[in-house]
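Below, chain A partners chain B and then partners chain C, in two separate complexes.
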Partner chain A sequence: MQVFWHQVLSGLATGGIYASIALALVMIYQATHHINFAQGELAMFSTYIAWMMLDAGFPYWAAFFLTLVFSFIAGVLIERIVVRPVENAPVLTVVIVFVGLLVITNSLAGWIFSYTIKSFPSPFPSNAWYASSYLSAHEIGMIAVTFGVLLLVFLFFRFTPLGLAMRGAAQNPVSSRLVGIRVGWMLALGWGLAGTVGAVAGMMAAPIVYLDPNMMSGILLYGFAAALLGGIDNPWGAAAGGFIVGVLENLAGAYVVGTEIKLTVALVLIVGVLVVRPSGLFGRVLVTRV
Partner chain B sequence: MAIISETTRPVAASFAGLPLRTWQTLGVALVFIVACVLPFTTSSYHLFQLTMVLVYAIALLGLNILTGFNGQVSLGHGAFYAIGAYTTAILLDNTAIPYWATLPIAGIVCLGAGFLFGLPALRLEGLYLALATFALAVATPQLLKFRGFEKWTGGVQGIVIDKPSPPAGVPLDSDQWLYFVCLAVTVPMFLIGWNLLRGRTGRAIVAIRDHPIAAASMGIDTAMYKSLTFGVSAMYTGIAGALGALAAQFVSPDSFSVFLSISLIVGLVVGGIASIFGVLFGAAFIVFIPNIADQISKAAPWAIYGIFLIGFMYVLPTGVAGGVKRLGSLLGRMGKR
Partner chain C sequence: MSAILETRGLRAAYGPTKVLHGIDLAVEQGGITTLLGANGAGKTTTLRAICNMMVRATGEVLFAGARIDGKATEDIVRLGIAHVPDGRGTFSMLTVEENLRLGAYTRRDRGVAADYDRVYGYFPRLAERRKQQAGTLSGGEQQMLAISRALMLRPKLLLLDEPSFGLAPIIVQEIFRILRAINQQEQVSVLLVEQNASMALALADHAYLLETGEIVIGGPAAVIGSDESVRRAYLGY
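Now for the complex of A and B:
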């Protein structure tokens, strides 16, 4: 039984990473109805930036917050430069541009930082008082950071005028423009925020999966699964989906399929959710008029 | 999602006194003659690359039938390429079946696999299908490494297979023989694809892409056509995978990573979405560009791929084939004047 609880709790910890990635995906999906295939790679690149600063001697939290600023600016720039020209293009075009972005980010990271695997420090010392036999200090910290991010995002969207404007721009661009919201910039801000949340996920994941240009491919897949399971148009559903997927992945890995084909669990989840309940657990059911 | 309208072709355009259709036929004939002569003039390494161009051309044709003509975005065709390759490798490793007989088997296996994946995919539209197939592509290497299949797949080590040797009395070395085997598969595959797409079936396939509801109300069985297209597309890519395994003489899980699927997308975009002969350009691109770019950096080929992906979407969304077609009709109009 102890092993079981251990699996569940550490599943919750990795679930936090999936929840962050899913949240980033949902933010972009809500605003533009695009699924950002490059989300994982952007997070990976941000993590490399953090690593570079740590390597240069910055204290951890300084590097952490500077990386968030960098990721925000990068997200805004990418929306402005790369995504904007294809905003209303057919699905195939959008998908291809995102795949291009994925490939470019991946190879850029490999080019600049080389493909050798690097270790990335955790800000939570392993002998901290909150570490236990169930969860390591980093796992506890990871859960705390995820909840912090979720809380901040909630407060931002619920209680600030800018958050309200962004929600308005996503839900009804035409009316929002009529009341004076600059919809284009709201979308860019959404990309910036998504980049920031993704960067948190990257920096939290790196101590576990180690830093290399392909570190996020599996995590992105689970992020997709989480977003779909929770409902791709519902941020809280996506976050909940992240935790559920994290636990499911761990339990399936421990008791059902073994750790070697864990990614297939994500594949089955994705296809399963899309086929059985495309709106996810907490999503709105879409009805199309033909 | 009308990406490319096929109606841009001028009806009776001509250039230098000959109608464009004649020029097209001449062009195809020229390509074929060059394809027959080339193997006698190059080194064996370049011959291997040319063989791979043919292999990828078949794979891209399969992907194009699905994504270009039918509008179902697949980011996971590397998985079907892998299934084809592994079918051939496993058959050669465990049975006494001659190598040429494994090709149709690989095709049939992939037809089934594609049809089965296409069934749930029916419920997925556009973006979601892209997502599901992307997941398939990412999960493929892990599935191939799975210990339960290790007896057949060889696990992480993969399977080494022998290069087919030419039958006695044929004055070709084994590289040239393999090239001609690939050519002998490529030509009929292209003819079949061309015939499939220009007839009633092809019009149905394109109609589903351009306006699914109108297609359904015209009496097209959309569901059946979509899953069958998925199957046929996977069959093409699977046969390409089988030939690719013969050419490389080796299959291993890591050669079928998500980047193989992305390579195929790159080839599709560069050659031209919804163009049959464009896939030749696309195949040549994904074979030769990495070789040239590798000299700059290990990451350079992918950087170039990415830039081409985005660049083509902005500048030349119809790919090289679309560009050539536009140039042709431009010349035709100038010729008339």
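Now for the complex of A and C:
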């Protein structure tokens, strides 16, 4: 039984990473109806920035928060410079831009930082008092950090005027302009926030998966699956989907098929769910009068 | 009286399709002006061209004597022009109250809190439904919400696109009665686009008639209402 709970809890820990990536994907999807395929690579690049600062001797949390600031600004700039020009382009063009962004970010990281795998520290010392046989200190810390991020994002969207304006702009850009919201900036802010949330995921994942330019490719896939499972139009569903995928992945790996093809099992389960509920477990069935 | 809004030679096109061919109209300060016309005449397009949204417009638009053509929609709104669009523009996933809060998005003054009660005073039905998801409101309630959202801006000019559309006559009467009250109590000038010519002419002091992108006649509402051809074509008697 202890093994079982260990698997569930550490699944929640990695699930937090998927949840963050899923949330980042959904934030952009809701506003633009595009999946940002480069989300994982941007998170990877942010993690390298953190690594650079740590390498230069910055204290961990200083590097952490500076990386968040960097990621936010980078997200905003990418939206303004790269995404804005294809705003009204056909879907395929946008997909190509995103894939291009993915490839460029990946090779840029490889070029600047090399493809050799680097270790990345955890801010949670392994002998901390909260470490236990169920969860390592880093796993506990990861859960706390990702829940903290989700909570902050929730509070921001739920209770601040800017959060409300961003929700409005995502739902109804025309009406948003008519109440004076600068919709273009809201999209850029959304990219900034998504970049920030992704950066947290990257920095939390790196101590486990190690730092290299391809560190996020698997995670992005899980994040994508999580978003679809939870409901691509519902940020909280997507986050919940992340935790579910994390736990499923672990349980499948431990009890069903072993670690090699646990990804396959998790994805098969998700496809199964989507066949039954195409809008995802928590996808909104829109209530509108016609 | 001076004009709060004036257009001079306003033209508009969707891509290659020219829709407005030089509109000259004026909305008097504090007055209600109506723009009448049949389906497809270009009424909605005129309002869009004034707000510089969704259509490519050329020509002059003056608000309180200053040129606003070419400005971004958001900036035009910030000058105090509230547009209740065709189809009501409800934020359907948000609650009634959140819709109103967005209406006041650009305001930083302390009067906002009191203004919720002010608009609920005009439309008590919305007050009962303040926590309801706006997409689930009835058509009439959504129209009330759209007008309320516009009022939350504390506009100087209200542009209304067919507020009577799809509503039962009794609801239309209620809304028009409230529009008159709003016009008088809020010192807000109104440009009302309507197909319901008799209701609009009764409410307005000035009227224009639009046919295929051109103003064919304009003047005091009473004069337009008694015009022989207008009567036959738009009032049906």
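The rule is short, and it goes like this: the second predicted complex is superposed on the first by the 272 of 290 C-alpha atoms of A that agree within 3 Å, B and C clash if a C-alpha of one lies under 4 Å from a C-alpha of the other, contacts with A are read in each partner's own complex, and residues count from 1 in each chain.
Everything below uses one rule, namely that contacts are C-beta pairs under 8 Å (C-beta built on N, C-alpha and C of every residue); 3 or more make two chains touch, one makes a residue touch a chain.
Since the model is a prediction, treat every value here as computed from it, not as a measurement.
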Superposition on chain A - do chain B and chain C clash or fit: fit
Partner chain(s) touched by A:Leu221 [first = chain B, second = chain C, both, neither]: first
Touching partner for A:Ala56 - first (chain B), second (chain C), both, neither: neither
Chain B versus chain C as contact partner of A:Asn172, first or second or both or neither: second
Partner chain(s) touched by A:Leu164 [first = chain B, second = chain C, both, neither]: second
Chain B versus chain C as contact partner of A:Gly110, first or second or both or neither: first
Touching partner for A:Leu267 - first (chain B), second (chain C), both, neither: first
Partner chain(s) touched by A:Ile81 [first = chain B, second = chain C, both, neither]: neither
Where chain B and chain C come nearest after superposition, their Cα distance in Å: 17
Contact residues of chain A, present in both the chain B and the chain C interface: none
Contact set on chain C toward chain A in their complex: 51, 53-54, 73-74, 77-78, 82-83, 85, 89-94, 98, 101-103, 105-106, 133, 135-139, 149, 153
Parts of chain A lying in touch with chain C, wherever the complex brings them together: 161, 164-165, 167-168, 171-172, 174-183, 284, 286-289
Interface residues, chain A side, partner chain B - complex: 33-35, 37, 82, 85-86, 89-97, 99-104, 106-108, 110-111, 115, 217-218, 221, 224-225, 228, 258, 260-264, 266-267, 270-271, 274-275, 278, 290
Contact footprint of chain A on chain B as seen in their complex: 1-3, 67, 71, 73, 75, 120, 123-124, 126-128, 130-132, 134-136, 138-139, 142-143, 145-147, 213, 258, 262, 265, 269, 273, 297-303, 305-310, 313-314, 317
